[in-house]
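A, B, C and D are the chain letters, set down in written order, and residue numbers restart from 1 in every chain.
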Amino acid sequence: MTTTTADDVDQGVDIDQVLADVADVARPCAEDGEVKAYIADLAGMEPGNFAICVTELDGETHAMGDLDIRFSIQSISKVLALVLAMRKVGEGVGVQEQLWRRVGREPSGDPFNSLVQLEREQGVPRNPLINAGALIVDDVLLDHCADPKGELLTLASELAGEELTISEEVARVEEDTSARNRAIANLMLSFDNLHHTVDEVLDVYAHQCAIEMSAAQLARAFRFLANDGVDPATDRRILHPDLARRVAAIMLTCGTYDAAGEFAYSIGLPCKSGVCGAIVALAPKQAAICVWSPPLDDKGNSLAGRVALHELSDRLDLSVFKGPESAL
Amino acid sequence: MTTTTADDVDQGVDIDQVLADVADVARPCAEDGEVKAYIADLAGMEPGNFAICVTELDGETHAMGDLDIRFSIQSISKVLALVLAMRKVGEGVGVQEQLWRRVGREPSGDPFNSLVQLEREQGVPRNPLINAGALIVDDVLLDHCADPKGELLTLASELAGEELTISEEVARVEEDTSARNRAIANLMLSFDNLHHTVDEVLDVYAHQCAIEMSAAQLARAFRFLANDGVDPATDRRILHPDLARRVAAIMLTCGTYDAAGEFAYSIGLPCKSGVCGAIVALAPKQAAICVWSPPLDDKGNSLAGRVALHELSDRLDLSVFKGPESAL
Amino acid sequence: MTTTTADDVDQGVDIDQVLADVADVARPCAEDGEVKAYIADLAGMEPGNFAICVTELDGETHAMGDLDIRFSIQSISKVLALVLAMRKVGEGVGVQEQLWRRVGREPSGDPFNSLVQLEREQGVPRNPLINAGALIVDDVLLDHCADPKGELLTLASELAGEELTISEEVARVEEDTSARNRAIANLMLSFDNLHHTVDEVLDVYAHQCAIEMSAAQLARAFRFLANDGVDPATDRRILHPDLARRVAAIMLTCGTYDAAGEFAYSIGLPCKSGVCGAIVALAPKQAAICVWSPPLDDKGNSLAGRVALHELSDRLDLSVFKGPESAL
Amino acid sequence: MTTTTADDVDQGVDIDQVLADVADVARPCAEDGEVKAYIADLAGMEPGNFAICVTELDGETHAMGDLDIRFSIQSISKVLALVLAMRKVGEGVGVQEQLWRRVGREPSGDPFNSLVQLEREQGVPRNPLINAGALIVDDVLLDHCADPKGELLTLASELAGEELTISEEVARVEEDTSARNRAIANLMLSFDNLHHTVDEVLDVYAHQCAIEMSAAQLARAFRFLANDGVDPATDRRILHPDLARRVAAIMLTCGTYDAAGEFAYSIGLPCKSGVCGAIVALAPKQAAICVWSPPLDDKGNSLAGRVALHELSDRLDLSVFKGPESAL
């Protein structure tokens, strides 16, 4: 899967060696994290699972570890749902406002499933990457799609370049343990910020979380966001370039729960994490990255994944705040 | 002050024309904003003041408007104080933790001077660009400097390339109207997160806010943060490259009060605003930018300044989320 | 319905005249209040409805106004549900703790249906007279009763001395507009503080709110709480004397939403209000009182009802803080 | 100091025996509490100190324990300051509003020194018995008195029937450790709800907290609030009867920090506690009570004191919610 290009040689950087070194530093950290039991059990995930996959825009891939084990992507699906909703409402700034009237774009400064801000802000969630905002995005999908679950799966499959599936078992567990999301949805309903029934919205949400992908598929699927909205594999435009970079902006400010500032500070890349232990990161115009290690830190992000991204960003000079001179 | 380079010609972009067009769109917006009266009065600022200044790393400058009127830089000084504190505590990750144990790096999700989060989080402010965090930074400066006000002024002057002054009158008004900052400082003191007296800390803060600079000086002074920590005018290293990009990360996630997500989304550049109506923005490896228009929006950011940066970022493709292909 | 007793004559107080005077002062205030439309419509309530009923422990009743119009008692039912739950769990301090482990006894300092405190306090509502607490009480009833709705109606009927009914139409509207209560219930479920399904609990709640009673029936039904827990009409002990006075204590500190302090200050009697516009008040060892006027103030209490109770308490020296020398 | 009256004999209650029994139950509880070190040290208070004093309106006193040790009364002074302020602004409802526009009358539902509510409610504290509210009361005193500290001491001395003193040492420690109160005062200043300087207001507050009284003096001094505002020792009217009972209402709803509901539920008397470990309670038309035991529970109330009042209220049937048939 990995080849060394003339480019890398020129720069004197052996990326595969970098990945190996990064893995050496990051893997042991996983021991201090905690796996979300109910998800791991279902998915056959192991605390020791570990993968890093860097997929460059031209398809060249550097990778190591458990690249082909599929797991439910959980919160990472929020980005795909947002992208689908942005496509559905239309590209113009005016029509996009249909969406942004109902969900904000600010970091929350509170846990991902808090109701406090939601109540203070009258049922308008702070951003589309916390649970409340993701439910609004799903409600918007229900406004525009006959079959949001199907369309999401189709989009994810197309981007991953392979046929994906939804784990009905994970979706069912998700719905059974969704009391807090149900609370959130009902609170938004009480503020008239939900068009469909709570059950319909939670059903979409449970199924999007249960889409199963591998680290390699995730890296591949997210490349379009690093490539001005165009999937390099198919040359298909998924999003307008402006919208693609704006999704990246939301990922950087809101994609890692209440650790977004920390991620921006130490990694400097737009990221989205999920309780499955995966984190997807974007190096604009260069690559999409997925790291995977199930044990989570106290903010809900993959512990070893965070360390790996930090090391990777440092060693390859990827931070968006550093400007255009990375080693990729 | 402006010259057209071969570079620009190659790209077919007339940057001066872009600035003129941007100004045409942005200036009228100022009418919907509100000037902070007490600051404007002192400074002789007018609601109609307007300036844009883009200073490239090589010193080439594109600019228009009221470039030479000096105003008190207010909250923009928080970045300079942070930079000085980072220098003082030392470059290592370990010693930097001296600072980060006392102030966080997360966006606040609350107004810049709120006490709610500060109380919940036991006197540790969310980040160094809200008032509470800036007071901690000043307390750290008092730990390390005999004369923090003097050293800050010296640093700012060096970066601006000109001798700057502090308006004692503005500093006095600042202290006289600082009841809320005094409340914040006392609350942190009650949590044992202040080493010096409230009066000492507020005195540093009042004076840093009262440093007077023009839009042109601000753009010039912030270039080092877009240049890996090295001031291009003097080749002096102000900060380690890693720390420079981390300051940029904090600016992007925390630099524009409770509109950081909005700025990241629509502008995509690390920014810091002040109630003086100026906003400084960084285009890493390319330029530092200052826009100035005193009337503020309801989040406390310059209204026309925000619009101007949005237009500028769009037209010159500057967003850090777009990757390395801007028109500069 | 009203007779003047030798007692009143001795004291030189003409209570009927007092009621007439109180009504003259209070009725016009109703014009500044606002009727909860959805409830009023169903019940055939009119903004101009007004009643005062003072039922002494010996059955002597002074009353005036629309005494016999029945309306859904809404939140006033929370006291009856609490009483039934206290009976069901048993009288001992130890067994009562079954209940008080799940709901507190502190005033909330927040609106009656806020989720903020509930989240901060881990799903344990502050007291049984806010919505969250009332839902816990209903959940406790479901633990102990085969038919909580039926038992509540039986208890209310017995206390009112007449067969009461539940308005299925009001109950249905209640459930249809219960998004926020559903949010609250789900939030408590997410903290494992609900034993039954959200639907079951909301069903009990909707039906208890829809019990229909007149002002005269309410005054009569609440007498036992002013009489050491014994219903004077039947000499049946409903609650242990200690528990009866404790229900009164909860009414005083928590019975009128975020105006409990105001009611204690100006009226000085344990009260419970409902959005139907009724307020029940207790004068221990003396009487139970019901005032009814549908328009509400901004805290959700009957505006004219509050004024009437204030006047009545003043003129008859009823405040519990004044000690045992009222004019009744 | 104690005599048995014919009254007690009639009722078959030996009150001294009741006090002895209550002490047996309550004293051991003190071991689970925690003494506020800085206050205890100064005052020579011991964790084992314990006193109960019941002073009936006619002066008859039942008492036991460390009756004559004086300690700084701390927060109990808030009631005396409120009484003095109510006297100063005048008795009419209209003029009283001068006071109540600046401080509310609602229980807070938050710790006694929280800034959260204060910020949300724009600098108007919830009630005069939390720190913020007490500072407003002191500011009102500064509006009306040339020497508020002197007048407070005079009032307390008159009510105690003995010359009292202020411990300057305690007052100084109070001011030295007042960072949070200083934060609160500055926050209120920032909302324009303070007329005098923060230093002036904190100086009054520190000195009122440092008034030194014994349990016997406290019981005696608070009798007027149980006697329609008239001091039985001198027949001097301190407050209008309506205002006296309203102070009692505020004590019941707000006098014991975030345990007011618990106190109302289990004790049923207006109470005010202080970190000195004393609690004053009122039995309207009957007696004033002081219990003293320095170790505090986690809400800041005397642990053994709370237990003693619970036992005493139960055994003598004192709860205001029980009506006029106590054993006193």
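We adopt the following convention: contacts are C-beta pairs under 8 Å (C-beta built on N, C-alpha and C of every residue); 3 or more make two chains touch, one makes a residue touch a chain.
These numbers come from a predicted model, not from an experiment.
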Centroid-based (C-alpha) most distant chain relative to chain A: D
Angle of the C-alpha superposing rotation, chain C to chain D, to the nearest 5 degrees: 180
Gap in Å, rounded to a whole number, between the CA centres of chain D and chain C: 31
Mean-CA-position distance for chain D and chain B (Å): 50
Cα-centroid distance, chain A relative to chain D, in whole angstrom: 57
Multi-partner residues of chain B (at least 2 other chains): none
Touch-based graph of the chains, sorted into line, ring, star, complete or other: ring
Interchain contacts, given as pairs of chains that touch: A-B, A-C, B-D, C-D
Complex interface listing, chain C residues touching chain D: 104-110, 117, 126-127, 226, 228, 241-242, 245-246, 248-250, 252-254, 258-262, 264-266, 268, 270, 282, 284-286, 314, 319-325
Chain A residues touching chain C - in the complex, by the definition given at the top: 114-116, 119-120, 179-180, 182-187, 189-190, 198
